[in-house]
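Data first, discussion second: the structure below is written as C-alpha cells.
In order of appearance the chains are A, B, C and D, and numbering begins at 1 in each one.
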Amino acid sequence: MRQSFSVGIGGAAGQGVATPGDIFAKIFSRRGLHLNAYNAYQSIIRGGHTFLTVRTGPDKIPTTDGRLDLLIPLNQDTMDRHLRLLSLGGACLYNSDLIQPGTPADGVQLCPIPVSQLADLSRNKVAQNTLAIGAALSMMGIGFPAMESVLEEQFRKKERSVIDENVSLARAGYDYATQNFKPFAWPLPTTDARYAVLSGNAAMAMGGAAAGVKFYCAYPMSPSTGVLHWMAEHARTAQIMVRQVEDEIGVINMAIGAAHAGVRAMCATSGGGFALMSEGLGLSAQAEIPVVVIDCQRAGPSTGVPTKTEQGDLWQMLGAAFGDYPRVIAAPLDIADCFKLMPEIFNLTDQFQCPGIVLCDLLLAEGRLTVDSKELDFFPTIDRGELITSNGSGDHEPYQRYKITESGVSPRVIPGIPGYTHTVSSDEHDEDGVLISDEYTNNAKRRAMMEKRMRKEIGIAAAIQPPQLLGPANADVTLIGWGSTYGVIDEACELLREAGISANHLPIRWLVPLHGDAILDLLRDARHTIIVENNYSGQFARYLRSETSFTPTGHIRKYDGEPLFPHHIVEAVQEQLAGKTRLSIPVHEIMV
Amino acid sequence: MRQSFSVGIGGAAGQGVATPGDIFAKIFSRRGLHLNAYNAYQSIIRGGHTFLTVRTGPDKIPTTDGRLDLLIPLNQDTMDRHLRLLSLGGACLYNSDLIQPGTPADGVQLCPIPVSQLADLSRNKVAQNTLAIGAALSMMGIGFPAMESVLEEQFRKKERSVIDENVSLARAGYDYATQNFKPFAWPLPTTDARYAVLSGNAAMAMGGAAAGVKFYCAYPMSPSTGVLHWMAEHARTAQIMVRQVEDEIGVINMAIGAAHAGVRAMCATSGGGFALMSEGLGLSAQAEIPVVVIDCQRAGPSTGVPTKTEQGDLWQMLGAAFGDYPRVIAAPLDIADCFKLMPEIFNLTDQFQCPGIVLCDLLLAEGRLTVDSKELDFFPTIDRGELITSNGSGDHEPYQRYKITESGVSPRVIPGIPGYTHTVSSDEHDEDGVLISDEYTNNAKRRAMMEKRMRKEIGIAAAIQPPQLLGPANADVTLIGWGSTYGVIDEACELLREAGISANHLPIRWLVPLHGDAILDLLRDARHTIIVENNYSGQFARYLRSETSFTPTGHIRKYDGEPLFPHHIVEAVQEQLAGKTRLSIPVHEIMV
Amino acid sequence: MATDIVTPKAMVMADYKGKVDPDWCPGCGHFGVLAAVQKALVELQIPNHQVATVSGIGCSSNFPGYIDTYGMHTLHGRSLPVATGLKMANHDMTVLVTGGDGDGFGIGCGHFVHTTRRNVDLLYLVLDNQVYGLTTGQTSPTSRVGMKTKSMPFGNIETPLNPISLALAAGATFVGRGFTGDQKHLTELIKRGIEHKGFSFIDVFSPCVTYNHDNTFQWFRPRVKKLEDNPSYDPSDWIAAMEKSLQWGDEIPIGRFFERNDLPTLHGAEPVLAKGALVKQDIRMPADVAKSFIDELM
Amino acid sequence: MATDIVTPKAMVMADYKGKVDPDWCPGCGHFGVLAAVQKALVELQIPNHQVATVSGIGCSSNFPGYIDTYGMHTLHGRSLPVATGLKMANHDMTVLVTGGDGDGFGIGCGHFVHTTRRNVDLLYLVLDNQVYGLTTGQTSPTSRVGMKTKSMPFGNIETPLNPISLALAAGATFVGRGFTGDQKHLTELIKRGIEHKGFSFIDVFSPCVTYNHDNTFQWFRPRVKKLEDNPSYDPSDWIAAMEKSLQWGDEIPIGRFFERNDLPTLHGAEPVLAKGALVKQDIRMPADVAKSFIDELM
C-alpha cells in the first residue's frame, strides 16, 4: 500500500475551507510530496456543507479516499458527519469552544483547541482555521518555517499586520499542539522533488495555451468555469483573446468563426451547455472547421447536481448533432493528462478539420493534483494540417475548398489570402463549396462528399494510439475504465494485489474513434472483466458493446454524485469474484 | 408482384408539379386504388428540379419505385434526366413545342402534345400540365367525368371561368390522346374502397389531435413544417392552441410549460432544431413532465440536405441531453402508423411522466399514402396516468411530487388545485421537490431519486409490444429495418420470394426501450440477417449491437438523400447471398 | 378537472412561506424581493394555489423553492417560454416569473424580447445584481464597463444592456424598476405589475453582497429616485420613458416607467381560449369535427 | 502568415460575382440587396479577398454563395457569433453579415442584441421580407398583425418586433433602413455602414414576391421616405431616432436613423489585439511567459 496521509477539512460554504486547503497543498508540495485534493461542495454560495480532502505522500497519489488521518471540522455539522472517517492512529483537531466532540473509533485522538484562549476572536473570525493548521503541522512533524513562508505568500496581498497576526496564530496552534497532542506515528517525509499543484481546469486551459489557442470563449457553467477563469486571468500575458458570450450557442459559433479565420479556438462547458452547442458541432463537421470543445461532466440529468461529478455525458457526445460525421472524442486520464491531451487533440482537429471533444468531469476539472512541471510542456509539436497560409507566387490551380481526396482532407486556407476566396457551408455542397441542395440536388455528389468526409475517420484512427493494458498479463481480474477512473482503478489494482488478487487495468483515453479490435485483442484472454464507471446505465459499457459486441463479466457503477474510492472497487471486485453479483454500486461514506 | 402503375412528373420548382400530383392522387384514390407518392425536390422556391412519383394500384402500395410507366416532363431537364426510367410498355407525354424527346428504351411510346395548337398559351401558362393530365387519363383508361369533378374541386376557390378553361383543356388533352396515343396495356382498375390520402405530417398532426393535444408549438423546419401547417389550419375547429415560437428552444420549453399545466402538448422539428431542444428533454425527464417531440429526419450533418430523407438522427435521439433518464422513442412504420402511434406515445409519456420522441423522416413526413379511414381513429384510448385533477374532499396526505414508489411513478397534479402546491425542478431534488443540491447534498437521496426515475423503464418496457417477425419462419434471409424502411422491405420481401429467395422481415417500431431479448430470440435461428437503413454508419445496427451484442450478416445502407427502392434491396440481397459483399450501398437512379 | 374543495380564507404571509428557508448569502438582495412578492400577494389576496412561480437557474432562480405556490425551477434562461406555455394552457393562473440578469438578459435574451412583444399576461421580475451569482461571480450583461470579475479580471469592455430601454423597444406594456432596499415601493410596484393585464416587466436592483462590490446597497441607496415623486412624469408617454431609461449615475430612476392597457394579451387574442382555459376544455373533439378532418382527405 | 502576392487592380462588379447565379425567385427583393452590396464594395474599392460575408440560413442567407468573397454559410440564426469570432481573430477583414428577419430577429434575436451592444465592427444587413421565405411562407417576427401565412392562416396576433427601435435600445452605433427598390439610396447607406467603425445595422425592405402578398414592392414604393430628404433630421440624436422608429403606415422612413462614433469597437477595446490581428500573431508564447505560468503553481 502506498504511504499516504489524508486530511479532511469541513465547514459551511464561506467558512474558509479553501484557504487551509491551499496552505496544506503548498506545504506538502514544497516538501516534495505528491498530493491529490477533492472538494465535496454544494451549489450554494454561503452555508451548506463543504468537505475538502487533501491526501499526500511521497509517491503519486492517484485519488482521495474515504479514510482520513486528520479531521479538522470547522463546525459541529462536520464533526457529526465525518468523525467516523477516522480510525486507529487518526486525530481530530477542533475548536473546543464551539464544537462538541462525538464518540470516535478506538485509537482516535481527540484534540480540542481552546480557541478563545489562544486568539482574540474579535479581531479574526477565522482564527480557529489558522490555529488548527499550525497544530496539524506540528503533529505531522513539519517544522514551523515551512508554514511561515506559505502564510506570507498566501496573504501577500494583505497588510503586514494581517500576515503577522496569522503567523502568530499559527505559531500558537503549533506550540499548543506540540505540548498537548500526540504527534502522528508517521511524520510526513520530504523529498527533493518539487511539484506544481493544479486543477484539471487549469491544466486544460494551460494545455490549450500551449497548443497555441488564440481565441477562447465560454459561458460560465460549473464545473468548467475554472477554464474560463484561468484564461481570463492570463489572457494578456498569453496573448489570448478571451470572451464571455451570451450563451453556449454563441460560444461554439464564435469559436468556429475564429477557427475559420485561422486561429486555434477553444471553449468549455458542461452537459447542459453542451446540449446547446451540439448543433454547432455539426457545422464544424460539415463546413470542416476544426474546433475544440471541453465538456466537464457533472451529475445529471438536466440541471442535475451542478457541484457533483459523473461520467454521464458520453452518449450525449456520441449522439451530438444529427447525421454521421468524423470527430475526435478523448477523455483525459488524470490532471496531468488534461494538459497533455490538448495539443494532441488540436493537432488532430487541425489535421482532419473536424470537431474535437475533451470529455472531462468535475472530479478532474476541480480536483487538484501534483504534477511534475516537466510534464507541462508549453512547446509541444504543433501540426496545423494542410493549411494554406499564403498565395505563394500568386499562381495556383483553381482552389476547391472541398476537393475530393483520398484522405478526405482538403487543404484549408486562411481567409484574407488573395486568390482563394470560397464559401464554406453548413448545407451539403460540392467540391467548390457551392450548395448542392440549393443549386441542384445530386445524389451522386452528395454520396461522394459524405464518403470524402467519412474517410477522415481512417486517418484519425491511424493517428491515435490504441489503448494499453497496464499491469500483469495473466490477472485474475481486468478492470476497464475510461477517463477519470484511471487513478482510482490504478490504486485499486495495487490494493487488490496486496489482497492477493492479481488485477490489471485497461484505461480508455480515446473514445472516438475507438480501437475496438485492439481492445478485443487485449481482452481476449482476460479471465474476469469488470467495467468501472461513474454513471447509472454503463454508458461506456454500452458504447464498447456497440463497437465490439463485448460484454464484460461485471460492472461497477456509481451515480450518487461522488467519485469512486479505491476500496469501493476492491470490495466490489471481491464480491464479484465470489459470484455474489455482476453489478456493484458502492455506497459513498462521505456525506456531503 | 403486386400490380401497380407509376407516374413521374418533373419540372422546375414553381412550374406546378404539385397540382397534377394532387389531381392524380384524387382520381386514383376515388377509384378505390391505393397510392404512394414521393416528391424529390430541392431547397429552392423557384427553379431547380422537382420530381414527383405517384404509384398506384389495387393493393397496398408500400413505396414508390424507380421504374415508371408514365413520364410527364414539364421541361427539357426532366426529359433528359428521366426518360431512361421508362421501359417496355411505358409512355412519355410531353409538350412538343418546348421539349426535345430523348431516345427512349425499346417499347416506350413517345407522346408529343402540340400544346400551342390545343391551348391559348397567352391565357394559361400551365396549359401543358392540364393537357398532359387529360391525355394521361385517357391512356390509363379512366373516363373523363372523374377528372372533371376533381378539377372542379381543385380549383373551387377560383372563378368559374378558370375552372371551365381547365376542364376544356383537360378534355382537349384527353381527346387528343384518345386519337393519337396507344392506351396502356393495363387499364387502371377500380374497386369499391375509398381511401383517405394523407402525408405523414398530416397523419402525425391528426394523431396528436386524436390523442387530445391541446397545445402545439413549433418553429418551421423542413421536413416537419407540415405538422405545423395542419395544426395551424385546423386549430380553431380542433380547439388546439397553436403557437409559432422564436426558436426551437422556446418551442420545447413552451410545450413543457403547457404540459405541466395539465394539457397534452406536442411539437415537431428536424435534426438541427432537435439539437436545440435536447436540453429541454432533460428538463422534461428530471422534472417529470411528459411532452412529445416529433423529429422528422433529413439528410445531415448540419443544415445538410434540407429536402432529402435520411435515418441519421437515431444516435442524436439516443444521446439527447446528458445523464441517464427514462424516455420513449418510437419510429412510425408508415403513414398510417404516423397517426396510430401518437395516442400510444401520449399514453406512455403520461403514464410514465417522461419525454416521448417520434422519430419520423422526410420519406414518411412528406410522402403521401392512401389509408383506410377506419385506421384514423379519432377516439382512441386515452390514459393520462396518475394525474390528480381535483382535491376531492380537500383532505389528503401531505403531497409529495416526487414520492418514491415501486413503479417510479409519483402522482402528478394539475397546478391550480388547492392543497397540492409544490415545486418541480430541473435540479436534483428530494421527494418534496426541494433541491438536493442547493439545500443540502445527500448522495443517498440522490441515488434513491435516480433509481426511482429509472425504475420507470421497467414499466415502459412492459407496456410496449415486442417486435414481431413478418413472413415465413425459416427464410433464406431476414431483413431487419426500423421506421420508414417498413414499406420498402415489405415489398422487397415479396419480390425476393418471386425471385426464389424466401425472406422475412423484422421491423422495429419501438426503439427505446428496445426489446433486445425478444429480438435475439426472433433472430436466433435466422440464416442470413441484413440490417437495412438509410444512413452512412448503420446507426441502428450499432444501437442494436449496444443492446444485444448482435451483429448481422450484412448491411444495406444508403445516404445519398434518397429513399431505398424495393429492387435496391433485392439486388443487394442477391449480391450478399452470393457472398460478394457484406455492405451494399445501392445507387439511386432518379437524379434530382 | 373535477371540482375542488376550496375553503375561502384570508391569505397571510405564512401561507406563502416555502418548504425551506432561502439559502442565499446573508444580506443578499434577493431576500427583499421574495418578501415584497409575498407581501404583494397577501395584499392582493391571491390564493397561493392560483399562483405559478416559474424561474430559470441562478441564485435568483431558486426563488420558487422559497415561496409556497405552484413552482417551476426550469432551465437557465428558459423561464419565459415555460411560463408562456403554462399561461396559455391555464390562463386562470397568476403567473410570476423570477430570474437573474444572466438568466434573463444573457442566455434568455431572445425569449425576453419575444415574450415581451407577445404581451403574455405575466409578471417578469429580474433580480438584477449585475453579476452571475450562482456561478461565483462573472460579468453579466448588465455589469458596468470597467467592472472587474473572475471572467473579466481586467475590467468589462462591453457596453451593458439597458433592460428598461430594451423592454420598451420590444413593446412591453408595463415596464418598471424597483430596488430591493425600498420594500414599500417595490411591493406597490409588484402589485401593479401583477394587476396589469399583459406583460409586466420589473427590473429589480438586488445587490449580490458576495460578488458585486461595485453596485452595492450603499451604492444604490442614495442614487435611486422614485418616478412617482415626480408629478410631471407621465408613464403613458413611451418616448419620455425611453428618455428616462437612459438616466444612470448620481440619480437613477426607479418606479413605473411605462404602462399601456390598450393592447390585447396573447391569451386574450386567441379565439381558441374564448371557451375557457385550455386545461379545462374537453380533451376529446366532437365527432363531427373528427369527421370533417377525414372528409378533407377523401 | 507568409507574405501574399497581391497585384493591385481596380475592383469591378465582375470581381464580386459568385460562382453561381442566385436561385432566388424571379423578382425577389434579395437581388437588389446583392447588387447594392457589390456596388458599394466596388465604390469603396475593397479587394474581395479582404471581405468575409457571413450568413445564417434562409433565402437571404444564401447570399454568400452569390458574391465572390470569403463566404460562410452557417447555421440558422448564428451568423453574428460566427462573424464576431472571425472578426476578433482577424480584424483586418471587412465583415459583412447577411440574413433574414427570421434568422436575425427570430432565432437569432439574442445574438442580435448582444452583438449590437458589443459594438463589433461589422455591417449587419437584414433582408427583411417580413416572412419566412425558404421554409415556404410562415409568419416572421416582423410580420404585421393580421397577416395570413401558412403558420397563422387566421392572421398574426402578435405585435411585430421593431428592428430599428430594438437596435437603438441595444446600443447600436449605426442604425439604418433601406429599400431594395431604391438601389442608389441603399448603396450609399451600405457604403456608410461599411465605413462606420463599429456595429452597423441596416434593415432592408426586401419583398418576398412569393409568400408576402401584403408588403410588396408596390406597397413600399409610395410609402418609403428618405430621412436624408429632411434637412432637420439629426442622426446623432438618439431620442429623435427612437421617435422616428415608431413611424409606420402611409409614410415609412428609410435612411440613416442614427450614428455615433464615440464608442470603441470590441476589437479596439481589447488590448490583446493591439499587437495586430490575432491570426497574424505568433502561435507560440515566449518562454518566460510559459515559465511564469508554471511558477504560479509551485
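Assume a residue touches a chain if its C-beta (ideal position, glycine included) is under 8 Å from a C-beta of that chain, and two chains touch if they have at least 3 such contacts.
Worth saying up front: this structure is predicted, and the values here are computed from it rather than measured.
With chains reduced to the mean position of their C-alpha atoms, the one farthest from chain D is A. Of the two chain pairs examined here, B-D and B-C, the one linked by more C-beta pairs in contact is B-C. Inter-chain spacing, taken between the CA centroids of chain A and chain B, is 43 Å.
Between the CA-based centres of chain B and chain D the separation comes to 37 Å, rounded to the whole angstrom.
Each chain gets a centre from the mean of its Cα atoms; for chain A and chain D, those two points are 41 Å apart. The set of chain D residues touching two or more other chains comprises 23, 57, 73, 75, 106-107, 109-110, 113-114, 141, 154, 270-271.
For chain B, residues that reach two or more other chains under the stated contact definition are 43-44, 48, 235-236, 242, 246-247, 249, 272, 279, 283, 287, 302-303, 425-427, 438-439.
The residues of chain D lying in touch with chain B in their complex are 23-26, 57, 59, 73, 75-77, 106-107, 109, 132-136, 138-139, 141, 150-154, 210. Touching chain D in their complex are the following residues of chain C: 106-110, 113-114, 117-119, 141, 154, 157-162, 165-166, 168-171, 238-239, 242-243, 246, 263-264, 266, 269-271. Residue ranges of chain A in contact with chain D, taken from their complex: 29-30, 194-198, 202, 206, 209-210, 212, 214-215, 217, 234-241, 243, 245-247, 249-251, 253-265, 279-280, 283, 287, 373, 376, 378-379, 382, 389-394, 414-427, 432-435, 438-439. For chain C in complex with chain B, the residues that touch the partner chain are 1-7, 18-20, 23, 47-50, 52-54, 57, 62, 64-65, 68-75, 78, 81-90, 92-93, 110-111, 113-114, 270-273, 275, 278-279, 281, 283-285, 287, 289-290, 292-294, 297-298. Those residues of chain A that touch chain C in the shared complex are 14, 43-48, 218-222, 225, 228-229, 232-233, 235-236, 242, 244, 246-248, 272, 302-303.
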